[in-house]
Amino acid sequence: MRVKNIARTGWMMRGVPPSESETVAAHSYEVAVLALVLGGKLRSSGFAVDIEKTLKLALLHDIAESVIGDIVKAVKERIPNPRAIEVDALRELGMEEYAKLFEELELGSSAEAYLVEVCDNLATLLQAIRYVNRGYTQVLELAESVRRRLERMLTSGPLPGEALAVLRRAVSDLLISGEV
Amino acid sequence: MRVKNIARTGWMMRGVPPSESETVAAHSYEVAVLALVLGGKLRSSGFAVDIEKTLKLALLHDIAESVIGDIVKAVKERIPNPRAIEVDALRELGMEEYAKLFEELELGSSAEAYLVEVCDNLATLLQAIRYVNRGYTQVLELAESVRRRLERMLTSGPLPGEALAVLRRAVSDLLISGEV
Amino acid sequence: MRVKNIARTGWMMRGVPPSESETVAAHSYEVAVLALVLGGKLRSSGFAVDIEKTLKLALLHDIAESVIGDIVKAVKERIPNPRAIEVDALRELGMEEYAKLFEELELGSSAEAYLVEVCDNLATLLQAIRYVNRGYTQVLELAESVRRRLERMLTSGPLPGEALAVLRRAVSDLLISGEV
Amino acid sequence: MRVKNIARTGWMMRGVPPSESETVAAHSYEVAVLALVLGGKLRSSGFAVDIEKTLKLALLHDIAESVIGDIVKAVKERIPNPRAIEVDALRELGMEEYAKLFEELELGSSAEAYLVEVCDNLATLLQAIRYVNRGYTQVLELAESVRRRLERMLTSGPLPGEALAVLRRAVSDLLISGEV
Amino acid sequence: MRVKNIARTGWMMRGVPPSESETVAAHSYEVAVLALVLGGKLRSSGFAVDIEKTLKLALLHDIAESVIGDIVKAVKERIPNPRAIEVDALRELGMEEYAKLFEELELGSSAEAYLVEVCDNLATLLQAIRYVNRGYTQVLELAESVRRRLERMLTSGPLPGEALAVLRRAVSDLLISGEV
Amino acid sequence: MRVKNIARTGWMMRGVPPSESETVAAHSYEVAVLALVLGGKLRSSGFAVDIEKTLKLALLHDIAESVIGDIVKAVKERIPNPRAIEVDALRELGMEEYAKLFEELELGSSAEAYLVEVCDNLATLLQAIRYVNRGYTQVLELAESVRRRLERMLTSGPLPGEALAVLRRAVSDLLISGEV
């Protein structure tokens, strides 16, 4: 389970020592638990969410990094067909059956894929805040940019307006509580 | 998300330096992915498994350690009502609604709770093997004991015989492939 | 010497990465050196202290953690007979002869046991301050609580009033000097 | 100097914990010292080598990773114009003037670029051997593949036959001496 | 308490990563506990040992390294008056009163100083064995050399013959038990 | 290449954990890159600098620490003939031919040796600032002292006045840019 051992490049590039850098597995764990909690709130507010699919997406969303490593945005944008690389990686891991899930993640149109992307950003923001608190000032810029992205996502997405409102409140609570 | 930062006591007690010790979050991540894979195999072999419940159990099975730390067996056995401590911990984390899930885990009677317990042992065995390969010889005894427990579990459990056979084959493949 | 490798749970639970978390051995070393210094001051002020017993208590006060791990207060309080666990641990370590010392520590009535408990709290406070300075803000609450406990202990204990005054002055000097 | 903080992806993907993974800076340092030593041997055997250019190439050959991270081969091969990314990275670092050096490295035709590529492989091989000795068995395959690449390079390159012979002897000595 | 943070140079020079290198405090802790145990055995065999002095020496024997760092033998031998440096260091630490103890350690003539030197070597040997087991092969030579020094010390020292015999038996038990 | 594994004593003595302490190799890498950049600026401003010699000095200036460890100033001043120790170390490393370079470094009279000493201080200052930003307050005093030394060096040295002015501007830019 290689992702337990791969430190996220974005942190190391911003001054966080490798010995303290969040791994891909730790990040995916946080994304999954956040998805569980937020998905639960959506459900109890009456909105249908396929939690099973959400959790699968959350757990596997970065699994291709076992094979291709953690590539930063600036590089990903230069690759003509990034999905092909991820599908090849899934094949190498014997996990082709989940390739369909990945397509969903890429398109981001289903409620589940959207929810996982929200949690991916939220988890990254929470971790960035932990690092900023510890004095890794170079992380601040990233925290700000992720926060803006998250806000945009929570303003409009493939969910009914009230569902977005539920999410906004839940995310706000998490950030305020300073749960770190 | 404290569990991302808590190293598992069992490894540290057997010579693995804290800087290399698997955290509770990393372990839970591995348990969840294994549960996803094994649950998938059971399903495609025709056995009904509630994957959503399985993944929730897997992700949260050690979450109480955020509050009570990672307690070794020898001590757990001395606590009159361990479940009470875990329920209190869940309350402190604002996660009481999942207390019911925990009861299930304790009793271990449902197919889902059983599957998570199998994966909990399998994940620990895989990690123990990684440590033994690196020369942490004190881990060997634990690896052997977990292996025996896993074998016992895979011989008889709250699943039909052919379901157990599917699991045994899948676990065997994982161990042989040396996927580390 | 397992305690050289066991990171203290309290730090990890409050955000200090395992790679930076103080181990049980490092803590016990600090307790012993502080006991040496404070015991020396008591002696040169005319108060009788058995330094040999004090140092033994300081060095061994957490040795049971080699076997039972580092258990947080909230859990210790739930164990009916914690001393029994510690005695069993000592037996496993081949150190039964020191069990009597442990009883003393538990009761806390002798000047030596009291001095070790003061140093245990002082060492934890000093380490907490180091972590707070580094930005581990979750440690602040613990630092405050240990400080209050230390103050209470230094106000009344099984020592003559002037002995307590000597200790208060020495502790105050250590905290002010910012010796970190 | 970000590269002092970026752990090399290839090691982490093969089981080496981030806290123990060689950084890009440490690797570049080793490449530069090896280039210094091998370049010196070539010179004292009568072959002209521009040591200044060699050392610059060695020191900067991975500097773009400050901006783009450490990308594995499998991904690099998928990028249509990798040199463009590196040039952009150099620009971001205010180091455009060295872009010409990078072109040389890419083409690999000059004696200096060739020498740096030999040392890049040699340094990686030496580090891989250190990791294999420590029990990171997944690194073995990479060590073997780098060794073969190095042998091919030392068999034919843009240097006179006797110069290659000098290099082969020097490399052989380094590997045999077990200098780790 | 700086020594809690200073990794021992000898280990780092032999391939042990800083994140895994034993600190001066951890080493001193082990020396003190070994001195406690061996001193206890000498006493119960009827030989007079000042345990208080022994433990003070053990705890403080490397405290000067807070100020001067951990200097390897090869350099120490070149310093005309190493004791002067240590005394200055003690002064800086406000610990001049212990300077007399240090003189004793240097001369090595008292039973207590001898016992601490035995434990200093034994602790280093035990730690070296742990590192060799983990694959740090460069440590082997040091382990062998410390073992020989320990054997020489246990053959003749400022203790009666039967006292040395008690020590030899106790050391042998510790090494055989593989207590690591 | 031992220096890749030796953490710099000065950092550890000031509270930086070994797992986060800059190694001798990482430091030398930074010194070399800074020397490359500053040397380049001098050259393009019309001043003759032997870059090849500068880079060799930069890469090797601490290589003796592979054998003698990282000794702090206070101790180095006490060694009658420190250069002899370094020459012996170079011999042990099979690098005697570079001993002449080291003499130059010691005397500090050539432009190249001066430039390397400037970069040695600048690199240490940059790293100290990184640590101070992270909350290692004990490093502040060292940062201040290195800054003053650097300023003195940049005021008068074995270079023409305008060359010093070029250096002062370049160093100032580096410090202001906050390139960390």
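Labels A, B, C, D, E and F are assigned to the chains in the order they are written; within every chain, residues are numbered from 1.
Rule of thumb we're sticking to: a contact is a pair of C-beta atoms (placed from the backbone, for glycine too) under 8 Å apart; a residue touches a chain by one contact, two chains touch by 3 or more.
All values reported here derive from a predicted model rather than from experimental measurement.
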Margin query: Just to be sure I understand the contacts, which chains border both subunit D and subunit B?
Written below: A, E
Check: Through how few touching steps can subunit B be joined to subunit F?
Finding: 2
Margin query: Among the chains here, which has the CA centroid at the largest distance from subunit F's centroid?
Written below: B
Notebook entry, point to check: With chain centres set to the mean of the C-alpha atoms, which chain is at the far end from subunit C?
Noted result: D
Check: How big is the gap, in whole Å, between where the Cα atoms of subunit A centre and where those of subunit D centre?
Finding: 34
Margin query: Using mean CA coordinates as chain centres, what's the gap between subunit C and subunit E in Å?
Written below: 24
Item checked: Centre distance in Å when subunit C and subunit D are each reduced to the mean of their C-alpha atoms -> 50
Margin query: From the mean C-alpha coordinate of subunit D to that of subunit E, what's the distance rounded to whole Å?
Written below: 42
Item checked: subunit B: positions in contact with at least two other chains -> 15, 17, 19-20, 23, 134-135, 180
Margin query: Going by the touch rule stated at the top, which chains touch which?
Written below: A-B, A-C, A-D, A-F, B-C, B-D, B-E, C-E, C-F, D-E, D-F, E-F
Note to self: Residue numbers of subunit D touching subunit E in their complex, please.
What the structure shows: 19-20, 130, 133-135, 180
Checklist line | Interface residues, subunit E side, partner subunit F - complex | finding: 2, 5-7, 9, 12-13, 15-19, 21, 23, 66-72, 74-75, 78-81, 84-85
Check: Of all residues in subunit C, which touch subunit A in the complex?
Finding: 15, 17, 19-20, 134-138
Checklist line | Contact set on subunit F toward subunit D in their complex | finding: 1, 3-4, 19, 22-23, 25-26, 28-30, 32-33, 36, 40, 51-52, 55-56, 59-60, 63, 97, 126, 179-180
